[in-house]
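Shared between the two complexes below is subunit A, which has subunit B as its partner in the first and subunit C in the second.
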Partner chain A sequence: MISDLLSRIQAPASVRRGEVFAVRVTLAHPMETGFRYDEHGTQTPYNVINTFVCAYNGRPVFTAALSSGIAANPGFEFFIRARDSGELLFDWHDDEGHQGTARHAITVTS
Partner chain B sequence: MATRFLKRRRLLLIGAGLACASPLVRAQADWPSIPALATLLGGRTLRPGRVTLEIPKLADNGNSVPLTITVDSPMTERERVVAIHLFSERNPRPRIASIALGPDVGRAQFATRIRLAGTQHIVAVAEMADGALWGAVTEVIVTQSACIDDI
Partner chain C sequence: MIRHLALLTLALGACTSVAPIRNIAEPRSGVTFTSNDIRKLQNDDAANPGMLWVEQGKALWRAGVEGAGVDNKSCASCHGDAEQAMRGVAARYPVYDAAAGNILNLEGRINQCRVHRQHAEPLRYESEGLLALTSYVAHQSRGMPIQASIDGPARPHFEAGQAHYVTRQGQLNLSCAHCHERNWGKMLLAEPISQGQSNGFPAYRLEWQGLGSLHRRLRACQFGIRAERSAAGSQELLDLELYLAWRANGLPVEAPGVRR
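And then the complex of A and B:
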């Protein structure tokens, strides 16, 4: 699996069952609007992360359809309720076909 | 004499009722006209309330404006927010983001940073599990717009 888009994921490693925890994600991406010109006067084509998905043990939690209205190096914060130990899987795609993936292990204590 | 008094009382009551109802009516008429928002609604009613849109009133730089959307919902299996949509009035792409929330989301809150091409209204829409639509609108004054060419 190609994973050429960088990211930073912040989430706790261990949580109590039923606890609600914050997940913070920052993705390194220019989120090109398509309205920008370089020094040669060439238009930079539209290229944004159009899809970002976070799944908790295979179940989608946060599925975002994005546009250039999201600032460069997009950051998201959302909240998950801890049910079972397992994995958070992050997956995102941009318009040029690049993909990024990240995993975060979660231990749920009772 | 008694009837006159009652009539006056009734008129007062009607007047009070109208005064109470008018802010709601006004708020409903206040949604900015955004074709993309109208497409999403598809004739469904967007009621004001339950959604809090936290965004600076004055943004110095439209390239990155922090925003938090909070929806008043218990987030249980049956009663929860299933999607949050964000629209801008004047951006070249008015539908900023649409986010589907799964049943494991524990709090109906979401934060990100957005681009704003000038002073405009922002609309946040929350879609509930029962199909109800709640929304909030706020105006942001932008000093330096995004999307302006910076070579």
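And then the complex of A and C:
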């Protein structure tokens, strides 16, 4: 994997108040099941993104608890209703203790 | 008359610039042999996981080469904005390079730049950094038709690649052509056999759960027919890559493609 912490976020920069908008996220992660062996016969330890949270102006609006069985580089798509201008904060953790963070500024017009 | 014919045949035999004819006149991209879901994944930049590497490549393009670089030059220091400078480049590759005395694919060109211009260590073939840069550069030609040239000094490499393509290999005793020219479109267990076109690479392969180079894909084919695998970046795979590019001429560059 390139980096456990890389991500791509797609969300509109500006939405009208009350409108529902889509947020699409791809996280770079190998999502190791723990069942794989490398060419030297060593078991690759279990390591998946276990928590993913999206907070809208500090308030969690989407959370996901992931486990094995989810493909590498998982993608999410979810919908949020626009309330106030501010920030979407994405935050995720894996079993090796790595943390990823991404931000997306959003302007709400009335 | 017979003598004239014999002379003509001799002349034709000696002349290597006779334009070769493709067995598949109108090539079809590998993505047309995949499922709807995979096509959607490839066509939607927000969903295409290969875009993670493209994004990383964009960052590497602008970042100076750490440590080894004399004046910490980045790709952008010389080439500027890749969206303009690299547009259409991947569609012409592999190309013959006089300085190298060999054909270079994108990976080879990036490493040539790193060694001679940036005075840095070459990136290891199939390393994440090289994959990211290659897919970023290739992505700038997306949608443009492949136009690989096999003229001049590239010709012997083309012929070597062609010879490789039709030579039986491995315990299954198959050549590339057996599957991808004689039997494309038929089913191999649950999967349709594609024409083996190279226009989607570097591609995100679901089987790999990651992005890989064309050479990695070719090695996977060699494994499948139980042949001895060529090293990634080796001469035989480079020659084969040129042959495949010529074979795919006219197909749009899809990098980063998505495949099964």
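Just so it is clear, the second predicted complex is superposed on the first by the 106 of 110 C-alpha atoms of A that agree within 3 Å, B and C clash if a C-alpha of one lies under 4 Å from a C-alpha of the other, contacts with A are read in each partner's own complex, and residues count from 1 in each chain.
In the analysis below, contacts are C-beta pairs under 8 Å (C-beta built on N, C-alpha and C of every residue); 3 or more make two chains touch, one makes a residue touch a chain.
Source: prediction; values computed, not measured.
Once the two complexes are overlaid on the shared chain, A:G75 sits against subunit B and subunit C alike. Once chain A of one complex is fitted onto chain A of the other, the partner contacts of A:Y37 are limited to subunit B, with no touch recorded for subunit C. Here subunit B and subunit C are compared by how many residues of subunit A each touches, and B touches more. In the superposition on chain A, A:L6 makes contact with subunit C only, not with subunit B. Contacts of A:A28 after superposition: subunit C is touched, whereas subunit B is not reached. With both structures placed on the common chain, the touch criterion links A:T63 to subunit B but leaves subunit C unconnected.
Once the two complexes are overlaid on chain A, the subunit A residues touched by subunit B in the first and by subunit C in the second are 31, 71-72, 75. Partner subunit A is touched in their complex by these residues of subunit B: 63-65, 75, 86, 88, 91-107, 109-115, 146-147, 149-151.
Across the complex, subunit C is touched by residues 1-3, 6-8, 10, 24, 26, 28, 30-31, 71-73, 75 of subunit A. Put simply, subunit A touches subunit B in their complex at residues 20-21, 31, 33, 35-39, 56, 59-72, 74-81, 83.
Of all residues in subunit C, those touching subunit A in their complex are 46-47, 49, 51-53, 55-56, 128, 132, 206, 209-210.
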